[in-house]
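One chain, chain A, links the two complexes that follow: it is found with chain B in the first and with chain C in the second.
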Partner chain A sequence: MELRLDRLTKEYGSKIAVDELSAVMNQGVYGLLGANGAGKTTLMRMICDILRPTTGEVIYDNCNISEMREEYRNILGYLPQDFGYYPNFTAEKFLLYMSSLKGLERQFARQRSEELLELVGLSQVKGKKIGTFSGGMKQRLGIAQALLNNPKILILDEPTAGLDPKERVRFRNLISAISQNKIVLLSTHIVSDVEYIAGHIFVMRDGKIMSQGRPEEIVKEVEGCVWELRVPAKEADHYIASYNVGNLRNEDGMCVLRIISGEAPDKSALQVKPNLEDLYLHCFADQGRGM
Partner chain B sequence: MWQMIKFEFEKIWSRNIVWVGLVIMLIAGLVVSFSVRETRVVTSDGRELKGSEAREYIEERTEKYAGLLNDDKIERILKEEKAAEINDYSIYSSLPLYNAVYQNFGDEYGDFYGMTVDEAYTENGITVEVGYSELWVGMLNSFPIILLGIGTVVAIGVSGVFSEEYGRRMDALLLTSRHGKKRCVYAKIIASFLFAVLSYLAFVLVNFIPVLAFNGFYGWDAGVQLDEMGIMSQVPYTLSCGEAVLLMIFGGFLGMLMLTAVTLVVSVICQSSFVAVIIAALLYYLPIIFMQILDVRILAMTPFGAASSSVLLLPKINIAGTEVLFYAKIIVTLFILLVVSWVTTRRVFARHQVK
Partner chain C sequence: MKDKELKQILQTGRKPEIDSSRKEEAIRRVLAAGGNLRGMPRISIWQRMYTMAGYLSPWLWIVQGAVVLLCAYSLAVNGSGTMPTIGAIVPLIGCIGFVELQKGYACGMQELESACRYDNRQVILLKLLLIGSVDMLLTLFLLAFSTQQGVGLTEAVLYILVPYLLSCALYFAILLRTNRRVSNVGLLAAGIFLAVMFQFVFGNIDLDSWVIGSDSSRWVLGVTAIAAALLILAIRKFWKRIDREDTKIWSFD
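Up next is the complex of A and B:
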């Protein structure tokens, strides 16, 4: 099972949304990290064959996906960033509708829909109209429809948008549970969504992959660049304005700042072990300094 | 596949604007059907009759001339059936048969004034059966107008079939599903036609059944040329009122299919369902606006025109040595539209790029 992105490019006039991007994915969970406008959604749409690349190909098991057609869509599950739905459909009916589109036999579709509604915690409200759902409930329904056909390739675009922390944890556990024998690509700008479950991370910016690898490997890129500094509260603003501050917490009347910087911000700063969020902030430092 | 068609049909029907519009149009149709004006007639000896009495008189006097129209009957009708002038409006309350004959043969404004029945009809291969045609000819004239309403509802319903998917951002989910680029499109097309046909059938029944309930098939066999307004007198072939009504219903059916085919193409191209509705409605209404200047043969090829009684006035056409009604051309046009619609919607939707 191999999904290969071969020099994928997408141009909109003079704007390059995805810039000669190449990557290879096998079984496992892949996180796609990037700020808004990095090109994540564009990339995912090309992988799902609903957006034609300007140049480049998406190849699955040595076949171009645009030539595979139904065969490819049969193994694909997709949750778009803006999840569309029919307000007058109930959750159950929506899944049955999506099941018919995915070619599931009716009896099996009913059973599968029941299972997935239970899995995403919507079985109590399966008879209610989607229009009455909260944002989180809609998102969970979206995840359920993506899993209907037990896809081999699961593409999730910002799947945790609208979910509360408990739901996000539940979602992470769900992905981990179902990711065996699948290629799962999920995009997010919430680092913790992928930090614990992704075996491989792509950091994307301006249509390119800036960094990729196992989380513990790519985090090394910022080793020696993450500092903790205790300063009086009145000095905190100076450091926030001057450095890339990842976190600020108050402790015993002082501010403890977590700073990402190539050089020590102060001689009293202590070097600390970097994490994925530090890497993210380092890569996107100029897209919103500090907090 | 049937399951998909069911879902797509439900998506069309469940839109509030669609079923509310449909209910309003059907009720309007019922109201028009039931609001038959009270029958009135002024007899040749000066009696003013109303209601069932008038109806009995009309039937009795019309029966007197049963059979094919000829010069002798025309002479007798003009002489014996004119309403006595008891008031300024008597002339309008003459026996309908008298009005029809007078309209065509009675004075210098008549289409066939000074001509014999042979010259006007028989020599052109037309025979006219005398009978009570008023109700059916009235239906021929009012049917297309009411059809406008049903056409609008169909345009509204079908215009959202694809364009709403774009608007709701369901296009991404549909196009990434196994059957999203092919079977789903076919299901949408079939559901759209099903919706149009069922809406039209309901409309026809609602308009037709009350007429049948009050009138039965009386006058069904009367020649459609016996038109008080003089419009149908120009129909250039033998045609009974019943046949004319059936042809008009058939024409309306063809028109609904044409409208659906065109609206599907508009729907798949437009990113906004609102714009799709406007364009579909415009395409439907535009020929009506230019009705006075458009050649009837061109008007007949439009969704509205196919249902209008003007099509009946067109001469038969010759296809491979056989004389057929002009509806044959409309059917060919419809077939072409269906093919174009089927191919275009499938291709455009399958190639749609999600934004």
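Up next is the complex of A and C:
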């Protein structure tokens, strides 16, 4: 099972949303990290064959997906970033409708819908209209519909948007459990969503992949660049304005700053072990400085 | 390579020796690979239409049916003098259907539907077939009923079929122009506008004298043909635009 992105480009007039992006994915969970406007959603739409690339190809098992058409969509599960719904449909009816579009037999679709509603914790409200659901409930329903046809390729665009921390943990565990024998691509700008479950991370910026690899490998890019500094509260603003501050916490009347910088911000700063969030902040330092 | 040479090579070649364990391993691997294969049973378009009909709003059929019954009742009570009014109401039959047709776009479902095996394009096709078929049946019913009430066929075609065809062509044009993102209120406003417009045309232009004239059949046939052609053109343009957002310019191959 191999999904290959071959020099994918998407242009909208003079704007290049995805810029000659190449990647190879096999079985496993892949995280796609990037700030807003990095091109993540455009990339995912091209992978789902919803959007045609300006140039380049998406190839699944040596076949161009635009030639595979129905056969490719048959093994695909997709959760868009902002997805709509028919407000008068109940949760159950929505899943049955999506099942019919995915070509599932009615009997199997009913059974599968029941299972998935149970899995995402919506079986108690399956008879209620989607229009009455909270944001988190709608998101969970969206995840359920993506899993209906037991897809081999699962594309999830910001799947944890609107979920509370408990639901996010539940979602992570769900993805880990179902990712056997699948290619799962998960885009997010919440680092913790992918830090624990993704075996491979793509960091995307301005339509290009800036770095990729296992989390522990790519984090090495900021090794030696992450510092912890204790300063009086009145000096904190100076450091926030001057450096890329990843975290600020108050401790015993002092501010403890986590700073990402090539040089030590102060001689009293202590070097600490970097994490994926530090890498993210380092890559996107100019897109929303500090906190 | 000539056949004789090939035959010689094949005859002199040794068959590979496969022991039972290798054979069993090969069978096991084939079965495992087969287990991962997903069948893609074909579902006929009729079955899909039947399934899709179950997901259309029942209000579509109720309101359309009510409009048609209202027209039939008016015709039965007031006779052929009510034909201009019926001609003004007919555009609303199509309007109600279009509200349902573009519901996927209005509700933001098109992205989800596009990623399914039977994608957004097929959803629209099924809806077009379903809603279009029912609309045509209702229109034909009105035509038949009106002729039964003593209205001439030419007059019935002019006041029922022509407004229906022209209004549908306009609705398709609106969907194209707004990139399929017109609100239900917008569509209804267009329907009401058409109703008013046809009411004005039928009410102020003495079509009866034209209809009764000797060349009336050919004239009405001509107008109907033009209306049908406009509708076909509008459908064709609409269908082409449902495809992927834009086309691939070139690839590296």
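What we mean here is this: the second predicted complex is superposed on the first by the 291 of 291 C-alpha atoms of A that agree within 3 Å, B and C clash if a C-alpha of one lies under 4 Å from a C-alpha of the other, contacts with A are read in each partner's own complex, and residues count from 1 in each chain.
The rule we apply is simple: a residue touches a chain if its C-beta (ideal position, glycine included) is under 8 Å from a C-beta of that chain, and two chains touch if they have at least 3 such contacts.
All of these numbers come straight from a predicted model, not from anything done at the bench.
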item	value
Combined model on chain A: chain C and chain B, fit or clash	clash
First (chain B), second (chain C), both or neither touched by A:F133	neither
Partner chain(s) touched by A:N88 [first = chain B, second = chain C, both, neither]	both
Superposition-derived comparison: chain B or chain C, residues of chain A touched	C
First (chain B), second (chain C), both or neither touched by A:S66	second
First (chain B), second (chain C), both or neither touched by A:Y280	neither
Which superposed partner A:N181 touches (first chain B, second chain C, both, neither)	second
Touching partner for A:P80 - first (chain B), second (chain C), both, neither	both
Contacts of A:M98 with chain B and chain C, given as first, second, both or neither	both
Which of chain B and chain C A:Y243 touches, first, second, both or neither	neither
Contacts of A:T55 with chain B and chain C, given as first, second, both or neither	second
Footprint overlap on chain A, comparing chain B with chain C	45, 48-52, 70, 73-74, 76, 78, 80, 82-86, 88, 97-98, 100-103, 106, 145, 149
Chain A partner contacts - residues on chain B that touch it in the complex	3-4, 7, 11, 14, 165, 168-182, 184, 352-354
Residues of chain A that touch chain B when the two form their complex	45, 48-52, 69-70, 73-74, 76, 78, 80, 82-86, 88, 96-98, 100-103, 106, 145, 149
Chain A contact footprint on chain C (complex, rising order)	36, 38, 40-41, 43, 48, 51-52, 55, 57, 103, 107-119, 123, 244-253
Touch list for chain A against partner chain C, complex	6-7, 45, 48-57, 66, 70-71, 73-76, 78, 80, 82-88, 93, 97-98, 100-103, 105-106, 145, 149, 152, 181
